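Below are the structure tokens for one structure; questions will follow.
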């Protein structure tokens, strides 16, 4: 504990500026006006462990990227998927969450897997990893991949403008759970959709990456991570999946 | 031709026309005189259906002019009016100002309408202004165009509201000449004017208005030479010096 | 800002060109329809009979009072499928943009028509012109001259608002900018490009309107 | 639509009320500033000297030609921190909305000022009124009467555009609607509520303007 | 007081005023007559600096009036003008129309300005219209308000452009009376008018214009009784019948 004290006194004059886009229950959202969620709890524990004070601010998705790029903030945590494209502009921490895409179709649909969607119209959220996955499966220039806002993808399926929507599975489950009358169902296809890994996102060349990576390892080791995960997702995580990231 | 019965006009609470009764027969030339604010313009505007009377009736060729009259437009075309303030159309040239209504309302061939318009422009001494826009005309020139525009519809009844008030004396003479010619050709006219000499020469009846009433009505010679009412006498005394 | 990558823009140029065609098409169609509808609604709103005018007033209140995005979604998922049997993002986009802008354009027409002096209508009436003829030949030409600047505002808003059609996946300029942003995770290249395209389009329309204004001002 | 859940709305009402305060505050401040700036820019744009008028023309072209969203972001992350030392979403939101709407309002003022007959200015000049006095006492009162309907358009657009301030996390109505949507994964409850709020606000402003219009029309 | 030298005015290619030279001294009352379109209004407008002359100079109290003159407004306040078309301010009441400039330009106390305005309104016979808006006035009433509005500035030089053309004869007499009184009090005036009798009584000089030229300039008696130029003779022959 002596060691810890020294650590925090050394770093206490450093305040980390954290950004998030609080629009994704249960990762981060406003509950009765307060910023809550898995990411919010995690960054709190991670910062404490790394010995930083921190402030967390709600920003829009795009302005979060812009501000990080301009160095106006130090870290973004918002269910951001680690991709090599993003990696050209930003640094990422080690992954802290594994996510998969899934397919949403009408309840009477016969779709069983992603391969059944060839020649179908597919709604995806602009800029999402679902869009990425759809392009990888069905071609980059496929005009049948319809990009739109989140939420509207489900409307498109319900109104027949699209045959299916591809999006983050957590998202899909939450929506269907909360909108039971919409006659939609989820089709999972773990073979088609490779896992995605969420990471903390830093401006390129940051010095904080190292201390947060260390803190994450520590939290996983002492079970804090698992406690937070259970609180928000109701299940215990398979932390082994995290280490499959390369 | 036109018959006005018990016409009353109020603006809010002020009664501007009070129980007006008169008749204009075909070929009549009626002149209305009276002091400023006596209601002369308002009366003409009621006859032209630009104002709705508060009560009373107006008959045109024995047809009652009602607000709902579907043929009001058609009626109006038979009834020309020259305004105190010209009201030329600023978006149209002088020639277009004159030919617009004949072409649209009377469905006259454009070529014919232009010819007629040019004849009328020459008549009012503005032959060379056919292509000009109203903004570039002097006051007198505007008024003459307005007269030509009304004449172009060859209406059955012409209403003139001080048509020469913006004209110089030289032009007044020429315009009055035109109006006299119209009168001789049998055009029915109601004229608000202060040109007493002209009134005497051209009209067969003069109405004197004051305070919203027709105070006196007579032939020009009788009214000018032997006015009956004190108010008429006072007015003419000042005017005819 | 990390170094600006022109190569990305060049790669995406074909898509932006496609997008420009759609954006211009959306804009021209909606400006034309919106102006015609707007004029009719202005005339309706000025009807002397209160009951006849009421629906037009309601129309303006509703279309100005609710977000265009909602109008686009409702028309795309509700109205168009009802009529055509299926959604069509092009039809829905043009329809929504025209109906929305017509509410604003109606108010602009109303202001211009009311600004034309009463004497004009009276002179036309005594010449026997019908109310329609008076409106068409006398009042409107004078009104249009007055309202060109606010009409320009509205046309420009419309061009920019056409970007909302991207939400129903109409492949116009913003749709491709978003696609480019999504593909490369770059903000500046796509949005500066699309911003420049909109700037050029709006400056074009306002210079067209300015030259019309100058032409009409000659007979002042 | 799945069953509409009023309880969710009731739970969120306190936030919506807070949001309404912000939205109204944004709107009133921006309407006031936008109108003042707009008038100044209109006067600048009408300067007879072309070189002096050019920057005002440029201003209008730029602010009408680029997306409001971009203006908000640039002002929030670029301009305000430069002046105040740090970002402030309230200041930035009001500033961006005022500057943006002033470009549109300038064109509206210009149309109204040009519609007042020249004789008015001439009469005022021969009475010895300075150009400023003429503008203030003679031209503007008549111009404002003419332009009330398009000004209404602009004020309404401004109220609705204030929702874009949610992008810089200004806690106005749309911000809370988005938060509610994110928390519950429900579309209709938050967006119908916010839509209704905007409808009420815009109908209020247009009925205020209509009554001003009626009052001014009395001396016609 | 005012000196015009080699004044020329073109609208595009048409030369409306050609080498105009004249002088108005203090207490002068100069009447300008001439046919429609001869340039009378344009000349007054150049003097009032409402139009910029194409070439030539105008001096007011020996100061050259240039376009850049910073004191132009101040100068203009000393120079009243009554327009052919009234140009009342529709957004202001009659009283406000009259008091606006004295209060704003001359910085006169509001109470004082209102008193003066009421005196002037009584003078033109419109005491009871102080609270009315221009739209509710008849043509003649509007013109009288316009005259009162100009007089309220108590200018050194008054320009009248056919100030009585919209008035009925009764009112013409009263307004001319006012103008006569002003002349007697020493007010310097330039008047475009067609009231030849008035011109003779009140003016000490008459200019006859035609086609943009000052054709003839003389005392009223000489000009009306012994016109030199043929054009003047023709004009007067038509007018004076």
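For clarity, chains are labelled A, B, C, D and E in written order, and residue numbers in each chain start from 1.
Heads up, the rule we're going with is that contacts are C-beta pairs under 8 Å (C-beta built on N, C-alpha and C of every residue); 3 or more make two chains touch, one makes a residue touch a chain.
Note that the structure is a prediction, hence the values are computed from the model and not measured.
Chains that touch both subunit D and subunit E: there are none.
Ranking every chain by how far its Cα centroid lies from the centroid of subunit E, the top place goes to A. Highest C-beta contact pair count among chain pairs: C-D.
Centroid to centroid, with C-alpha atoms defining each point, subunit A and subunit B lie 83 Å apart.
Chain centres here are Cα means. That of subunit C falls 50 Å from that of subunit E. If you average the Cα atoms of subunit A and of subunit C, the two centres end up 38 Å apart. Distance between subunit B and subunit E, defined via averaged C-alpha coordinates, is recorded as 29 Å. Under the contact definition stated at the top, the residues of subunit E that touch 2 or more other chains are 85. Taken residue by residue, subunit C touches two or more other chains at 220, whereas all remaining positions touch fewer. Multi-chain contact residues of subunit A (touching two or more other chains) are listed as 62, 66, 70, 155.
Pairs of chains meeting the touch criterion are A-C, A-D, B-C, B-E, C-D, D-E. Those residues of subunit D lying in contact with subunit A across their complex are 1-3, 11, 15, 18, 73, 76-77, 166-169, 176, 178-179, 181-187.
Here subunit C touches subunit D in the complex through residues 60-62, 64-67, 70, 104, 107-108, 110-111, 114-115, 118, 146-150, 152-154, 156-157, 160, 163, 191, 195, 198-199, 202-203, 206, 220, going by the rule given at the top.
Only residues 11, 34-37, 41, 84-85, 136, 138-141, 144, 162, 165-173, 194, 196, 235, 238-239 of subunit B touch subunit E when the two sit together in their complex. Within the complex, the subunit C residues that touch subunit B are 117, 119-120, 122-131, 133, 137-138, 141-142, 145, 219-220.
Subunit B meets subunit C in the complex at residues 48-50, 73-74, 76-81, 83, 85, 87-92, 100-101, 104-106, 133, 135, 146, 149-150, 153, 159.
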